[in-house]
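You will see chain A twice below: alongside chain B first, and alongside chain C after that.
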Partner chain A sequence: AALKDGLRSQVSAALKEGRVTPTELCQRCLALIKSTKFLNAYITVAEETALKQAEESEQRYKRGQPLGILDGIPIAVKDNFNTAGIETTCASNMLKGYISPYNATVVQKLLDQGAVLLGKTNLDEFAMGSGSTDGVFGPVRNPWSYSKQYKEKSVPKSHSEDEESNWVITGGSSGGSAAAVSSFTCFAAIGSDTGGSTRNPAAHCGVVGLKPTYGLISRHGLIPLVNSMDVPGILTRCVDDAAVLLGSLAGHDPKDSTTIQDDFKPFELPNLTDVSKLSIGIPKEYHVPGLSSEILALWSKAADLFKNAGAKVVEVSLPHTRYSIVCYHVLCTAEVASNMARFDGLEYGHRSDKKESTESMYAATRREGFNDVVRGRILSGNYFLLKQNYEKYFVKAQKVRRLIVNDFIKVFRSGVDILLTPTTLSDAAPYMEFIQEDNRTRSAQDDILTQAANMAGLPAINVPTALSERGLPVGLQFIGRSFQEKQLLTVAKWFEKQIQFPMIQLEEVKRCDNYVFQHQKSASSS
Partner chain B sequence: QKVSVEVLDHLEHLALVDFRDSEGVERLQKAIQFADHLHEVNTDGVEPMDSVLEDRCLYLREDDVTEGNCTKDLLENAREKVEEYFVAPPGNIPLLKLEERDTFLQGS
Partner chain C sequence: GPGPGPGPSPRGQRAVACNAKGGAVPAGKSGLAPWIPVVGLEIHAQISSNSKLFSGSQVQFAAPPNSLVSFFDASLPGTLPVLNRRCVEAAVMTGLALNCSINKKSLFDRKHYFYADLPAGYQITQQRVPIAVNGSLSYSLYIDNKMSQMVTKTVRIKQIQLEQDSGKSLHDDTRSQVLVDLNRAGVGLMEVVMEPDMCCGEEAAAAVRELQLILQTLGSSQAVMAEGQLRVDANVSVHHPGEPYGVRTEVKNINSIRFLAKAVDYEIQRQIDELENGGTILNETRAFDSKLGCTVPMRDKEGKQDYRFMPEPNLPPLILYDAKSLPANMNHQQVINIDWIRERLPDLPSVKREKLVEQYGILPEHSFTLLNEDGLAEFFESVVKQTQMKPKKVVGWILNDLLSYLKQHSLTVKESPVSSFLLADLLNLLEKKEISSTAAKQVLAELWKGEGKTPLEIVKEQKLELLQDQKELEQICQAVIDGHENE
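Right, the complex of A and B next:
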């Protein structure tokens, strides 16, 4: 088995047949993490515990009793999920040194199925951002910056100014998770998605990024940003793998009362051959100013692909799309103001030395612990929640939210099954360019295409589609009906198979991976 | 319309984070300007939405104790503690007034 293989079809079989052992897989991933350290994708690498988990998995395989497909599979988790005994920092000084006393439900579920937790991935501080550049451990570098495909296309300005200043961002805020999956250091990673934080970096890093329906996967243990929109996200290299992860994570959790109580049945994705019964909606408002002509062309090509295969492709309208970012801005900052109130230094996290009064200690702790972005959102949120502003801003935003949700309901009721939109405005920007604008501006720009799905709680997935002229990945987004992940993923898988997105060509991976380099684009080739 | 110093001071009190510098205040001004676009939307007769799951019943579990006894684990992450107590500095002392506080807003 190669590090590039799909879970269900290749790796699982290889493990069962003993062609590769969990320990070997784990060691190879750990070695690759070390050799790709410059990506800064990981904040914590749990080497010892990972090897121990791998060893235990190996014993189970030897006895012929693996726990399931995920047994022995190396996984990475975004550092805003609690992991017992492992530091959870949210890339903030506020939680540096905080060792979680418990596992987030998604983490527990993965461990219960024998997955090997390699480490915690880097992110924007408290998941606030769209670049994975604003955490205290530094920015994450997009692995594609070091790919043959990107290097071939970039014109070096001078010999000394090559890779060091040319690298591009991963997008965010789950950039570390996306980079980890993209660079083959794990088979899947968990991210979070509040405004696009899983789909955005998935698009920039050329991986599949799934945002499940709100209420499907437990948020227990995910350090909250916006309680009414947060969801755990799934990042994998192919759609089939996303379905596997979804199957192991979805379902009611008594510890998260916002998870629905309906029975969830894990599913295998059918190989769709006939799309003639499908109706694809193209929301015209997603043709936003600033959308690169390249992506516009790809979006159009994708629509044609469906049309030519017999599907019904219709233009639809989501009239309140352009207000979704403003609405998000108000609701997000308001919920953040509330959620960040728990960080006062008393029970966990950073604590200032100030002793004069509780309030002065809290204020100093928060002054020392939070970065500008976090503080900015807390202050804005508090402003919108002031008595004199509550109706005008917060309640108003809640009303606009309903209008946005109604837009989607109307479109889906008209017979459309799936919406097809771009995921990002362009391919990944060079870091030096990205940091020219502040976090809020960037987030407002970058979240525009992904945010509405969070507003409405709908499932959405980024599927890597093609390489841009600069040799960087570009993805397209599919948005589905609530709790219709099977339909969404089936369509996404069909699309993935049609376009055959190229594999990243990274020197480090070639060196680490001893087996034959298979030109494997999707796992469904068996 | 600029936000008054009184409101900025009030926000620092409520949020217990500070504006730090003029950039911080500018950031708030821009955030408000941006949010004002919401008023372009006609929301007459529209109910505010709290949650996308509003049509469902919230899950309530039985009032049975199923876990606990983790005092030691919970105290582990606190810096200041005495026996089974988290130790806080004296309460009931309000944050210093604007003139006495070490804040950027002073002299505004």
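Right, the complex of A and C next:
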């Protein structure tokens, strides 16, 4: 079996039948991680523990008692999830060297089902950013920067230019996870999504990025950015695999009071053939200034695809969309200011040497531990929470949030099943260009299409759609009704099948993957 | 600005006497307008529960430092609060006992400030909508020093809110360090806010004492001030009749009910003296110094600090039900039913007092004192059961003899060397007229020594028997008269 294979469709069967062992799989992933080190997708590679987990999985397969479909499957986890015994840094100086004593619930669930935890992936510091460029371990490089498809299309600006300065960003903030999946170093990765942080890098890296409904998957152990919007995100190479991961992670957690009580039943996605009963909504406000003509055309093509297949495609309106970024800015920074208050150097993490007084120790610790982006958001957030400002900003933003939520409710009540929108404004920008603007500006621009779904707690998914003129991936987003992931993923899967997104052609992967595969399938087929 | 005036009244002198109607009598220099003192209280009661308000670590007094700290208590990143059901029940019970409206929906908020004993940088509390509001507490106190007549007063309860306790920080100045113990961090508290309906230290003390008894009866808090389970902050101001309320100060660091009365009275007098000398009162926080018996400035009043309140996003609104609103298919284990709790409330102290009066025919004042001492009412009832003496007479022995002895030797009822059995035994001898009441007192004195002798043994030893035989008496009298014939 190849590293490129779909989890459910090929690898799981291969493991069961013994055509490949968990140890082999793990070793090949680890080797590929090493040879793609320049991507900087991983902060920590947990080689020893991963091999041990693989060995234990192998024993289970030998006994004919695998724990389930995830047994022996190499997975990567974003470095803002607590992993016991493995460093959790949030790409920040504040938590460099921090070894958590407990596993996040999603991590525990993965381990309980026999998954092999390869390592922790890179991100923007504390998940603040849309490029995965602002962490203390450096930026993540989009694997597509090194793809045949991109190299063929890129024209060097001058003789001295080489691919070193031409590389493009992954998007963020779960860029490391997206790059890890995209470069075949793991079969799935966990990210987080607060304003688009899973879907954005998924779109730029050509992978599936699922943001589940708020309250479906436990946040216990996810170091929070915005508690009322954060969700663990799932990144995979095909929609079927996202459904598998969802099935293994969703469900009530008594440790997280914001998870719903209802029982969650894992599901297999049906192969939808008849879309005539489907109603697809196209929100006109998502045709934003700055949306590239390429993506606009793709969006239109996708709508036509559904129409031609018999689905009802209607234009809808979400009138408060344009206020969502400002609203998000207020609520996000306010929560950030609050959530970051615990980082004082006293109980864990970085502690400054300044000892004159508790206050000076706190101040120095926080100045040394946080980057400008984090500090900027804390200052803004504290401003909005001041007694004299609270009504004007925070409460107002909550009211606007309610209006945004109501927009979606109205549209879904009118008979629309799924919304179809672009995920990003354009394909991935070159790093040198991206860093010309500051984090705040970029975030405001890049979150615009993804972030309303977080405001409303709705499930949304990026499906890789096509390659841009520059040879880089572009994705489209589907947004569904609360807790209707099955419907959302079923439609996404149908779409995935229609468009047959091309597989990335990476030198490094070819070298590592020596086997001739019997079924040379792309990640999107089944 | 305020000039240096003469100091406040000497210690021990009650600055302001509250008359029966609760108003103030004029104090300070003669000829000036009278002052009305206004006293409100903020009381924090530690909830009696096995584990903390939002985490599973244990609640225990005086455990080794940092031995009762969960990941959540230490504010480890990624941990989330989970509400403790028992704490909610304790707050509902307390709210019902204080005649409050229980809010069927209440909310949690974050109150932000930086301090070494607050690991998360914020406290989870209920600022917007607390669990209970608009209650009242009735308490009694003696009108005068003679303890002969009681009067009943009421103080309004503004609200009861659930919130986290902080850890403890100890300042080690010798080594220039602060030692932090998080055992107490996250323990559940009920903050009970009493409106400024009180006018002096005695009222404040009586109100707190009554609250303490109620909490102990309910079991919602052990309310032992010495163990920090009951903390009282007093808000004090003075004004002239007809004028708006004066600037108030907050008095903290009050460690007993006795000190509460002292602190409040001192502060009232301090403010009166300050104002009568042309000074002003600062809206500040003051600490009570129990050694000196005065209040001293502590830090800027918290009003100056902006707590940046924000809803706690990790806790959904707390929904409580009653018999009417309880959904049919709801599991009883999963919800809290206010009516169910109400039905199971024990008799509150006021009810117990009435019952004692009714059942035993004793005076309300006696009933009050019986319940005011831990275990005394039970002791009394136990003696009554074991003796034929009328309860009205028994209570005299309990209150005049037993209690005064205990007070003299600073003993609790539990520590009494004279058990209810022994006392009943003695009172039976008295009732059967086998000894006189003078003799009984002598026997009692002997019993205090706790040497294990029974009343009858002591009577025989000291030959205290009352002679009943007429003939014998006549012989003795005759012998005495004969003995003195020659004088």
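Please note the rule applied: the second predicted complex is superposed on the first by the 513 of 526 C-alpha atoms of A that agree within 3 Å, B and C clash if a C-alpha of one lies under 4 Å from a C-alpha of the other, contacts with A are read in each partner's own complex, and residues count from 1 in each chain.
FYI, a contact is a pair of C-beta atoms (placed from the backbone, for glycine too) under 8 Å apart; a residue touches a chain by one contact, two chains touch by 3 or more.
All figures in this text were calculated on a predicted structure; none of them were measured in a lab.
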Does the superposition put A:P254 against chain B (first), chain C (second), both, or neither?
both
Of the partners chain B and chain C, which touch A:I409 in the superposed model: first, second, both, neither?
neither
Which partner, chain B or chain C, touches the larger number of chain A residues?
B
With the two complexes superposed on chain A, say which partner A:E347 touches: chain B (first), chain C (second), both, or neither.
both
A:L222 in the overlay: touching chain B, chain C, both, or neither? Say first, second, both or neither.
second
Check whether A:A334 is in contact with chain B, with chain C, with both or with neither, and answer first, second, both or neither.
second
In the superposed arrangement, which partner chain does A:N82 touch: chain B (first), chain C (second), both, or neither?
second
Based on the superposed arrangement, let me know which partner A:M432 touches: chain B (first), chain C (second), both, or neither?
neither
On the A-aligned overlay, A:A297 touches which partner chain: chain B = first, chain C = second, or both, or neither?
neither
Residues of chain A at both interfaces, chain B in one complex, chain C in the other
101-102, 228, 254, 257-258, 337, 344, 346-348, 355, 358-359, 362, 382, 386
Any idea which chain B residues touch chain A in the complex?
3, 7, 10-12, 14-20, 23-24, 27-28, 30-32, 34-35, 37-41, 43, 46-53, 56, 58-61, 70, 73-74, 76-80, 86, 88-91, 93-96
Contact footprint of chain A on chain C as seen in their complex:
71, 74-83, 110, 112, 114-116, 119-122, 176, 178, 180, 306-310, 313-316
In their shared complex, at which residues does chain A touch chain B?
98-99, 101-102, 214-215, 228, 252, 254, 257-261, 320, 323, 326-327, 329-330, 333, 337, 344-349, 351, 354-363, 366-367, 370, 372, 375-376, 378-380, 382-384, 386, 392-393, 395-403, 405, 438, 440, 444, 456-457, 482
Touching residues on chain A, where the partner in the complex is chain C
81-82, 90, 95, 100-102, 104, 219-224, 226-228, 254-258, 334-335, 337-338, 340-344, 346-348, 355, 358-359, 362, 382, 385-387, 390, 394
